[in-house]
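Shared between the two complexes below is chain A, which has chain B as its partner in the first and chain C in the second.
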Partner chain A sequence: MSALLTVRELTMRFGGVVALSGVGFEVAPGSVTALIGPNGAGKTTVFNCVTGFYRASGGEILLNTPEGRRVDLIEILGGPFRAGDWWSPRAFGRRLYYKMFGGAALAARAGVVRTFQNIRLFKEMTALENLLVAQRARVDNAIVSGLCATRAYRAAEAEAVERAWYWLDFFRLGDEGNRLAGELAYGRQRRLEIARAMCAAPRLLCLDEPAAGLNPQETAELSDWILALRRGHGVTVCLIEHDMRLVMEISDHVVVLDHGQVIAAGRPQAVRDDPVVLEAYLGAPGEEEGW
Partner chain B sequence: MRNSWLRDALVTGLVALLLFAPMTGVALSGYTLEGHWQRPLWLALGVVIGRLGLGWLWQRRQGAPASSSGRGWSAWIDAHRPQLIGAALAVAFVLPWFIGKYWLNVAILAWIYVLLALGLNIVVGLAGLLDLGFVAFYAVGAYGYALGFKYLDLSFWTALPAGALLAGCFGVMLGFPVLRMHGDYLAIVTLGFGEIIRLVLNNWMSFTGGPNGVRVPFPSLFGLEFGRRAGPGHVTFHEYFNLPYSNEYRDIFFYLLLLVVVSGMVFVVRRLRRMPLGRNWEALREDEIACRSLGIQPVSVKLSAFGLGAMTGGLGGVFFAASQGFVNPTSFTFMESAHILAMVILGGMGSTGGVIVAAVVLTVLPEMLRDFAEYRGLLFGCAMVAMMVWRPRGLMGMRRALFHRSGVAE
Partner chain C sequence: MNFHILVQQTVNGLVLGSVYGLIAVGYTMVYGIIGMINFAHGDVYMIAAYLTAIFLAALTALGIHSPPVVMILVLLLTMACTALYGWSVERIAYRPLRHSTRLAPLISAIGMSLILQNYVRLSQGARNQGTPTFLDGHLRLLEDGPDHFVQITHAQILIVVMAVIGMGLLWYLIQGTAMGRACRAVQQDRIMAALLGVDTDRIISIVFILGAAMAAVAGTLVTFNYGSFDFFIGFVTGIKAFTAAVLGGIGSLPGAMLGGIILGLAESIFSGFVNTDYKDVFAFSLLVVVLIFRPSGLLGRPEVEKV
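And then the complex of A and B:
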């Protein structure tokens, strides 16, 4: 089974600071992969590279869709022109197109949808409208048919509203549909953000610390939801999380980052018992003596 | 509590007395100084009373329950919305027969401003892109008609869509370079763009006529002209219908035409707000990064907002040119942009009804206050401050679309 997401030799430099060096991992389709590591290890940087918010300094990020399409998640961000572009009009055209219209939006259209560590909802819009905005690909975007309210437009709109209610109910937000997103309680905002991401039809759902700020009960619900998403909706999940109980409970594969490098990867049990990981989290025994 | 505001009021009064005494208490008369000691005393007394009143208001506010006082009023408006809109439209349609020539012209100007404010509302209120150079598109529309007539012999009816399209193109052109800008930076660039257009119009003597302006013809109705005498091969309106000549027909016709266009625009804007495009505009205003994470291309969303806003502005420009019969660059200064922006902000960003009310009020009020011309700016400023204190979200807040579940019994 080929991987849904392949990250190879991913390097990210901010000026002189090397945030990631040679990070590589794979996400199998239908799996839950967790990215863990101490603060500042580079987890969110990996996420930003994968979802197109940062352009990686080097390496490769490939998304293999089930239909057999291969998307280069770095090329679509529109990198600088290379020598080869100047005598290949096709390559030049692609690069120019991606330079003008590329970016994170294209990554999302390819199926990589994310949530954010600090919740980013459309606060002055209702919860339901938040979910409608996310259904970009499914609604009728044409201006004329919308102004005339043609039958096709109304059908698409009704379906979008229906789907939005479905996801609101799924995350037990059914009563909050017409409230402003910014007014919801914190835990509900977290859920709404995941619901919104689901409305964007993701293949790979990237959750950046979904359990941050949730109480133990909400965290338990969250893990049920994530498993249900994977089982019932064919979504592959990649998440960053500090709550080890949640990670151990739901993930199939764990990747441990420290100082911008992968220090361990494997099944949750194996990773938990790995001395290298313990060292990264708790500090090496006798580190104080140092050199 | 009561003591403390009494003391505050007395201290404020004392400070006022100290300030006013040298300013108003001593007047130079010829070569001698005259004392007018009662003047600062009266002023200070006014200040003390004012301070007491404020203290009383604050006290009442703190004591009052948390629910806002404006609730009942807006709820009533919400409940009677269709009737209110119908009544307003009916009044607007019969108005021109009752108000006389002077006020009819004011009303025409008011509707042009409504058009402009609706356009700017798309850019600022919905898409959240602060545009301080909106007058540029207004100018493009107006000059599009004026120069189109001068060089290409365009009639009003061709200029209407052409001017709007031209302004829309300018909007997209401006949109492209400023795509990566937000807030203050965007405001500065658009401000510059507005000035550039005005300066080009002012200085390109050979093409635009510079400060001398360009003459613009009045629209005709199905080939019927509204002048006293028709041009060669044309018929005038009053001759065709065997009426005595009066230039009031012209203004009434123009008013009704404008009203139809404005109503159409209101309909379009209200629809747009409920459409995916309008939702994307608002989403972009709320959070651009989240938009990108959902696959929404900020480029196209911003360009569409700029383009449609500019188109509406251009439409307003064509009407303005036709109503004045003459355009020159002095009509398109920065003050005009600020005026339109004030309408959008006073009306409540994004709220269509509020923006219309604000545009009408801000055009008609200065006319009513002609006698106070010197204090107009002051009153305007006071109104702004009062608005920001009591209704920071504008006259009418934006109403959100509510959705019901279909097929699920509540």
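And then the complex of A and C:
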């Protein structure tokens, strides 16, 4: 089975600072993959590149959809022309197209949707509206049909609202649907953000520290939800997390980053016992208390 | 203090305020969504006045004379054409500079304003132009004696009614439809909206189009009412409408309308009772006083620092 997401030789430079150099890993369809590493290792940068928030300086990020389409997540952001483009009209045309019409929105439409560590909800809209905005593909965004409330428009709206309520109920936010997102308690905002991401119909759901700031009970619920999403909704999950218990519990594959490079990857147990990983975390070999 | 003058000036102020409000909506929406002032917006209003005259002449030449039909057709055609101008302004002056420094689109918008003014001056002439005003009727209220009455022209009533209808439709569009929801999302966090798959460029274009269409309503109705315009009317009216938007709280849709009405009333009552020459001084002093006590305008919310 081929990977859903393939990252190869990913490089990200900010001026002279190299944040990522030659990062490569794969995310298998239907898996839960965790990205871990010490602070400043480049985990969030990898996420930013994969989800279209940054345009990577080099390398390849490919999303292989089940329909057999292959989306280059760097190209769709409208990268600069390369030497090869001048010989091949096809490549040139694609580059030009994405330069004109490309952007982060295409990553979401290809099926990569994320949450943020510092929650980014539309705070002055209700929880329900937050979920409706994410259903861009489902609702009718035209001015005229909206003003006239045509039958197709109303049908699409009703379906979107129904779906939004489904996800609100799924994350036990059923009572909060009509409250402003910014008024919700912190833990609920986190859940709402995941619910919103689910409304965008993701193939690959990227969660940036979903358990940050949650109490142990909420974290346990979160891990159940993530597993339920994978099982019941065919979503592949990629997450950054510092809570090692959560990582060990739910992930199938762990990728460890340090100083912008992958230093280990494999099954959780194997990674946990890898001396290189321990050294990266603790600074000295042989001390295991940190885990 | 003369009661009739007060009522008359209040009526005039409401009419003027509706016009300011309709134009201010364009400023406030564009500011809300991209955080920049559209300096070409006043000139889009001026273009609407010219287009009104052109369409009036064209329809008359085609033999359509029934006033209601002509008015509706002219209004719709002008709105459509002006919307195209608004869209072009965004496409030419803003979108290519989207990822540039903050000041660059400001300069290009000023350039756009100069281009529009001079394009109209070259193609239509620098002289003051006029159209026949064909809504000549008026009402007289509170009439007691030959010099004591309040006169409201039909065109003035039309301006207020159309402003209310236009604002109502716009409000419904923004608050009640899927498109408006996407607009509000883009306004709050453009990057997050894009990461959820919303086509933010399209939404920004739509906001420019809506703003221009509202300015077109103002341009058309003012032309119906006064019948006189030149290539420079966009500047002063634009500045006033922008003041109205700031007064009401820039970024806030009801604020723009409220700011417009307050500014219109202030100007008109001041010129009725004190002095016509200093009406602008009074209007801007009002702005200064409001901003001292409410720095983000009457209905505006304080700027939240974005991460």
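Throughout what follows, the second predicted complex is superposed on the first by the 273 of 291 C-alpha atoms of A that agree within 3 Å, B and C clash if a C-alpha of one lies under 4 Å from a C-alpha of the other, contacts with A are read in each partner's own complex, and residues count from 1 in each chain.
FYI, contacts are C-beta pairs under 8 Å (C-beta built on N, C-alpha and C of every residue); 3 or more make two chains touch, one makes a residue touch a chain.
Quick caveat: nothing in here was measured; it's all calculated off a predicted structure.
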Joint occupancy of chain A by chain B and chain C, clash or fit: clash
First (chain B), second (chain C), both or neither touched by A:39: neither
Partner chain in contact with A:200 - chain B first, chain C second, else both or neither: both
Contacts of A:217 with chain B and chain C, given as first, second, both or neither: neither
First, second, both or neither for A:120, with chain B first and chain C second: both
Touched partner set for A:178, first chain B, second chain C, both or neither: first
Among 39-47, 255-263 or 399-407 on chain B, the segment whose C-alpha atoms clash with chain C after superposition: 255-263
Shared contact residues on chain A - chain B and chain C: 51-53, 103-105, 108-109, 113-114, 116, 120, 122-125, 129-130, 132-134, 136-137, 139-141, 143, 146-147, 196-197, 200
Chain A - residues contacting chain C, complex: 51-53, 103-105, 107-109, 113-114, 116, 118, 120, 122-125, 129-130, 132-134, 136-137, 139-143, 146-147, 153, 156-157, 160, 196-197, 200
Chain A-facing residues of chain B, complex: 268, 271-272, 275-277, 279-280, 282-283, 285-287, 289-300, 304, 398, 400-403, 405-406, 408
Chain B-facing residues of chain A, complex: 51-53, 100-101, 103-106, 108-109, 113-116, 120-126, 128-130, 132-134, 136-137, 139-141, 143, 146-147, 149, 158, 161-162, 164-165, 177-178, 180, 196-197, 200
Partner chain A, residues of chain C touching it in the complex: 169, 172-173, 176-182, 184-185, 188-189, 191-202, 206, 210, 307
